[in-house]
Every structure is written in structure tokens, then in C-alpha cells.
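Below is one structure, written out as C-alpha cells, with a few remarks after it.
In this document, chain identifiers A, B, C and D correspond to the written order of the chains, with residue numbering beginning at 1 in each.
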Amino acid sequence: MLGSGIIRGFIETARNFAGSYCSRERLTTIQYPEERLAQPESARIMPFLVFDGADPKAGLRCTACTICEQECPPQCIYIIKDAVKKPDHIGKMQMQPKVFDIDISVCMGCGICAEVCPFDSIKMDQVFELSSGERFNTFLLHKEQLAKPNEYFRKLHPSDAAETDARRAEDKIKAEAKARAAAAAAAAPKPPSSPKPGPPPKVPAPVPEHAEVAT
Amino acid sequence: MSPLVAVLYIVGIMAVFGSAFALTTIAERKTLGRMQNRFGPNRVGPFGILQPMADAVKMLTKEDIVPSSADKLLHFIAPLVLTTPVWLNFAVLPFGDHVVAARFDAGLLFFFAISAASELAVFMAGWSSQNKYSLLGAMRAIAQMISYEVPLVLSTVTVVMMAGSLSLTDIVDAQSSYAFGWLARWNLFTPWGLAGFGLFLIAATAESNRSPFDLPEGESEIIAGYLTEYSGFKYALFFLGEYLGLFAVTGLGVTLFLGGWHAPVKALAWAPSIFWFAAKFAALIFVFIWARATLPRLRLDQLLAFAWRFLVPLTLINIAAAAAWHYSAWWGFQGAMATRWVLCAAIIGFPYVWLGRSLRGGSPALRKYTYAE
Amino acid sequence: MLSNLPFLSCAVLTLLAAIAAMTLRNLVHCALCAAASFAGLAAIYLQLNAEFVGFAQILVYVGAVAILIVFTILLTHGSDVKAGEPVRSSSLWTGLGVAAVVLSALVAPITRSASLWLLPSANPQAPVAAIGRVLMTQYVLPLETIGLLLTAALLGGVVIAMREKPARKTPTKPSRAPSRELSHAA
Amino acid sequence: MNIPLAHYLILSALLFSVGFAGAILRRNAVVVLIGMELMLNAANLNFIAFWRFGPHPEALTGVMFVIFSIAIAAAEAAVGLALVIAIYRHRHTVQVEQIDALRG
């Protein structure tokens, strides 16, 4: 009969109305500034740069290879290489950025920079309260603002960070072993066998793993 | 009536219903939220009760945009034409014992005549905006208002026939006695009154453009219809006018079917009459909000078919039921009351079922695709 | 003079709105001015103690007839008047002359007859109950006739304005058979 | 309330003339219909005025006449505008001077 469905609907809304005052579970709203939803591990908003150790300048993983700059779809990354090199985690001398700027008012948070970075340097942040009354300078982040310690990265993306750390530790061990072997070889009386160290152990860009973590 | 009393009525009505407008906006949003398992606005002031103030500040400080191709004069006066006459509706409503601003002999006719002005205002708003969505919204609104004015008036005809007067005070007086010595003789407690009240509520919902009949302002289809090109103060005036129209028609419903300012049972008659009016008024407003939370918007053809193929015939049949009730009043045998109830309920009930079935158009047939096998 | 102010203002409103309704170029403006004119007349009815008629005037003319006119204007694309298009008949001065003759023929007898300059003696009322009683007794036949007329007008209006159904064609499926042949050929 | 009957009659005559002039001078059929409505209203005003000033107002003759007249005017407007729509559909114009198929 006409109207029976309407009455059922009315009963349903009335039940919601009364129930929302009785049981707190019915109210699904998170009252944002006071309560916050825990971010899922794979959440990503804006990129940041990881550094190891305590000094953001010395420990910065970035080698100013500019792959991220070239890959960035909205072209929001700006890098100038420094003339001075510095050693990376395996002791190899690498380039370092003099200027590393990200205009986060242009950044669209796609995460491609983090995907392509072969040095595990650029990672995705989870900070989302970025609004500001000022339009230009606030949103142009420099190297100093972008650099964040590895502990922070571990906190944000634990599994990704653990995987990265393990790989880097392995690299380091390998590099040390190699260095020791090289030192031993240098000490051994057969200099021409390996006059110069071979090509540096290439850090495999773990794109597939990153993609899995990121999504 | 002395000028002082008249001014007192004017100021009183504007103050009470103006603040009722503010209260209803927040109450509506809170209630809708709760019915959808949300909190509703709860930020401005304790429990969000100062939200109307924030809304008012926002509305009044917004830029007033007039489209360059608009008909400037009509665009300007349309909200005034909508909002000004609505206040006149409250003049004939009896809010309490001897609390009525104007005792017109033809009060009900006055009420409906004044309501007619809002249709022109809506048309002016829609046409003067020079926007196709505005015009579509205005055409929908007019088609809807004209269609639903017929069942609205027809559903009140029964009350007028029973009270024998078009004056709203007389109609309230006709519901003043108590049956069995305790239960009020409201029109609601008769079969024709019950049916008439339901029909009246449906038609009133459509007449005041409220959900589920809010398709003149359907945001998702025609971007708020005739309100599209309005902003700031003028938009607020439209909003005010709409809510005042709802209040007026709610007050009319209270007066016609719920006994006006009379207490529901004799034992409670000691409470002030204005309190009873306000309580019934608030309850009816809650029903409107409840309906808004429950029912989805109709399509235009469903809307018009519902008015002409369901409501209008039923209101006419309801007049017949009222006649049956009236002319069987002399029956004195045992169980006469129950017989009358059954008789009138049958007169309304069978057409209700039948018309409701025709409205649905039988069971939906399986759709056949001619070209896509 | 001050007591005449309500009448004068209503009369001026009614006349000005009527003149505007007859002269404006834009048809929607014409219709809205006509509605204003009807409303002014309703106010004059109220001043003449004809409460019921005044309200009925607003309900029917402002609420229904004006809306109907506006609807018709929109349905016939009347609101988009081209710039140079004439809205008046070509015989403007003849028509105005005829109207002036009609006006003088109406006004001259009024000004001449002294009995029309009397003030009202009584203060008659038209209570709704009395109107209803008269409608149901003395004027019951006209009332029924009006009901019949309104029904006929309703049906007539619907029938006239109804879109004629296009002649039913036999349901053919135009592009299908050839395409199948083509696919066979291919 | 000291307005003589003649004032109402003169107002009514003016209104009638305005409506008449519009009805015979305008080209658009809708405006012609508006003019006719104005003329009808002028007549109604006369009825009400004569009822108010007449010797037997209690008979309600003028009021009844106006009530019936308003009802008829509503029917007339509905049918007239339906005709205008029908004509527009066939001829794609509502200019009365172009609708001359019956001219000899």
C-alpha cells in the first residue's frame, strides 16, 4: 500500500534521532581539531628530505641527481648542485644540493619524486595542516625546512623505513667489506690486479617496493 | 483596535517569528544531523546555538552580486515581494485566547490570497536573473505552487464547512469543547480531520518548497533554481521568506486541525493558551524537519502526477467523508460513533488504496531494449 | 483631503500600472504591471467594504491570472522582444482617438449627473455568511452554471493547449537490417 | 470616507479606456488579453461602487455580480491563453496582425 515504505523510513530516521543521543557509537563524526583520525601508514601529502644522524647538512641523503626535478609533473622542485662534495653513508663522495626548493603550493602530492629517488632521500610527509594567510614565501620550502631526520621517517612509514634502513645497512656492510678487501688487496703485493675501485655499488632503486608501500 | 495595540502586535509578531526563524535554522540543522547520525553544528557558542548569528553575519557581509544582464529592478524587488506579504499571513492567525491581530470575516481567504503573491515573487526572481537554471527553477516552483494550492485549499474546505465560517477565530472556537468531558474536540480527532490534516501537511510541504518537494531549489539538478543569482542580503531575505511561509502555513495547520490554542485534554487547560499554540507549532515544525531528513526529492512529473492524480481526488473525497460525518451526527443507536468512524474511514480509505496503486502504475515491467540485444 | 489619501494612492497606482501594462515593450513587465493594477483594484474593493471580493480578486487575478499570463508569455517566447520590432499597431492615432472618444463618452455623463456626486449614506457590509447564504439560495442556479462553465473551461483549456500527438508511425528499425547485411558481406 | 461615487466611476472609465486602447493598439495577443482583463476589472469596479453607494446594499447584488464576473474572467483567461498557445504552436507568432488567415 502507498505510504508503508514512507512510514518505515520515518521510523528509521526516528530511531537514528533517538539512538544518536543514547549511543555514542552511532555518531561517526571525528571532531577534527580536538580529535584526530590516525593516519594510515601509506598516507602521503607532501615530499620531504631524509637525513641520517644529527646534522641535517652532513647527513642529507640527497645527492642532487635532479631525477626528481625532471620527473616532477608540475615542476615544483628546484635544485642547484653544490660544488663541494660530501661522503654518503658508504663513505663515497657524492654531490650535494646547494639549493633544494619545493614549492608546495604547486606540488600535487603525487609521490613520483619519492618513487624515482634512487638514494632513498625524498620521501612523502603526512603533514596536512599547511594553510597560511601568506601566499608566497610560506609555501616555498627550502632545504632546511625540508630536511627531516630518519627517525621521523621511521615514525611515519615504519615498514618502508625498516626496509630502507636494512638495505642501507647491508650496503654499508658490503661497502666496508669491499673497502677492507680493497685495503687487503692494496696491502697484498699485487697492485695491478685492481688499480682502481670498480664502479660504485649501485644502490638498486627499489621502485616496486616503494610503490607497494606508497599505495 | 487602538494604534498602540496594533503596533504591539506588529512588533510582537516580527520579534517572535523572526527569532523563531533563527531558532528553526539551528534546530533543523541539529535535528537533521542527529537523524543522519551526525552532531550537526556545535561550534559557535554552547552546543552551537549561536550558529544563526554566525550565519547572519556571514550572509549580511557577503558581496551583493547582480548579474550584468539581469533585469535590475525586478531582481531587486523580488525578495521584497516574497518576504513582505508573508508577514501579513500572521495577522489572521489566532495565537491565543483573544490574541489575534486582525479578526477578518474572511480570514482564511485572506491567508490564501496573500500566499498567492509569493508565486509572482518567485517568478520575478527567476526571470529577472537571466539565467536558464533560475528560469527553470521558477517555472518548476510556479507549476508546483499552483498545483498544490488546489489540494491545500480543498483540504481546508472541510474545516470551513464544519465550522461554518471562514474566520479563523470562529474555526478555533468550533473546536473548543471537550468530548467525554476530557478529550478536546479537535478536527484532528475525526476521520475527515485526520485525513484532511495529512493531505494538508503534504500540500503545505509542497507549498512552502520544502523537501521532499524542494525541486524548485534542487541544488544537484538546477543549482538552487531561482536562488542561483542571489547572494548576501537578498538571499537571506529569500531564506527568511521561505521559513516565514512555512511558519504561516504551520500556524494555519495548528489553527484548522489541532484546535488552535486549546489544550489537548481538559485537565491541562490551565496552561496559558499561547503555550499550547507554541507547543503544537513546534511539534509540527519538527514533523516537517523529520520529513526532510527522511524522504528523497521527487521528480517533476511524479510531483505533478501526485498532486493531480492523488491529492486533488482525495481532498474532494474527503469533503464527501466530512459530509457523511456531518449528516450522520443524529444517529443515536448503540455504537453509532464506531459505525460513523468505520463509514468515513471506508469512504477515504478505499480511494486511498486505489489511487495509491494507480500512482505506482502497477508492478514495474521488465525493461526491454529494442536495439541492444 | 487626508482621508482621501488611501483612495487616491490606490487609484493612481492602479491607473499608472495599467498604463504601464499597456505601453511597456517587454511583455513580462506588462504582465507584472497588470498584476500590480489588479492588486490596486483589490485595495480599492477593500476600501469599499467589499472584503470578500477584494480577497477573491487578489487570489484569482494576482495568484492565478497573472501567473497564467506570465506562463503564456514564456511559452510563446514573448519576453525576447527584438530591438526594432514595433509593438504597437500601425494605426496608432486612430486607435488613440477611438479610445479618447470612448473615455469622453463614459466620463461626460458621469460629470453631468448630479446624483452621482452624493456621498454614501449608510456603511454597508458584505459579510461572508450573507454572501454564502445568498449564493446557496437566490443565486444557486448561476453558481451551478459557473461550476459547469469552469469545468468546461478547464477541459477546453487542456484540450486546446495540448500538444497534438504526432501520427503514429509503424515501428521500423532503420539502420539495423542493412548493417547486418553489411556485416554478412564483410 | 468622503469620496463621491463619481470618483470611482471616473477611475473605472479611465481604466476601461486604458485597457481598450491597449486591446486595440497592441500587436501581441497576450497584451490584448491583458487589456480585456483590465476592461473587465473596470466594469467590476463599477459594480462594487454602485453596490456600496446604492439604495439596497443588503441585497448584495453588486457583490454577487462581481464574484461571478471574477469566476468567468478566470475561465476566459484560461481559455484565451490556451488559444494563444495553440495559435503560437501553429503559426509561430502571436502578433494579431499576422494571424489573418480568415481575411477575405
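Throughout what follows, a contact is a pair of C-beta atoms (placed from the backbone, for glycine too) under 8 Å apart; a residue touches a chain by one contact, two chains touch by 3 or more.
This structure is a prediction, so every number in the text was calculated from the model and none was measured.
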Most widely separated chain from chain B, with each centre as the mean of CA atoms: A
Contact-richer chain pair (by C-beta pairs counted) among A-B and B-C: B-C
Chain centre separation (chain A, chain C; CA means) in Å: 74
Mean-CA-position distance for chain B and chain A (Å): 58
Interchain centroid distance [CA atoms averaged], chain B/chain C, Å: 28
Whole-Å separation of chain centres (CA-atom averages), chain A against chain D: 81
Contacts with two or more other chains, residues of chain D listed in rising order: none
Where chain C touches two or more other chains at once, by residue number: 52, 56, 64, 71
Multi-partner residues of chain B (each touching 2 or more other chains): none
Chain-level touch network, classified as line, ring, star, complete or other: line
Each pair of chains that touches, named by its two labels: A-B, B-C, C-D
Contact footprint of chain A on chain B as seen in their complex: 31, 34-39, 290-291, 293-295, 352-353, 355-357, 359-360
For the chain A and chain B complex, residues of the former touching the latter: 1-3, 6, 9-10, 12-14, 16-17, 19-21, 26-29, 31
Contacting residues of chain B [partner chain C, same complex]: 74, 104-106, 109-110, 112-117, 119-120, 123-124, 127, 135, 139, 142, 146, 149, 164-167, 370-371
Chain C-touching residues of chain D, taken from the complex the two chains share: 1-11, 13-22, 24-28, 30-31, 33-35, 37-38, 41, 44-45, 48-49, 51-53, 57-58, 60, 63-64, 66-68, 70-79, 81-86, 88-89, 94, 97
Chain B partner contacts - residues on chain C that touch it in the complex: 28-29, 32, 35, 51-52, 55-56, 58-59, 62-64, 66-67, 70-71, 74, 79, 127-129, 173, 176
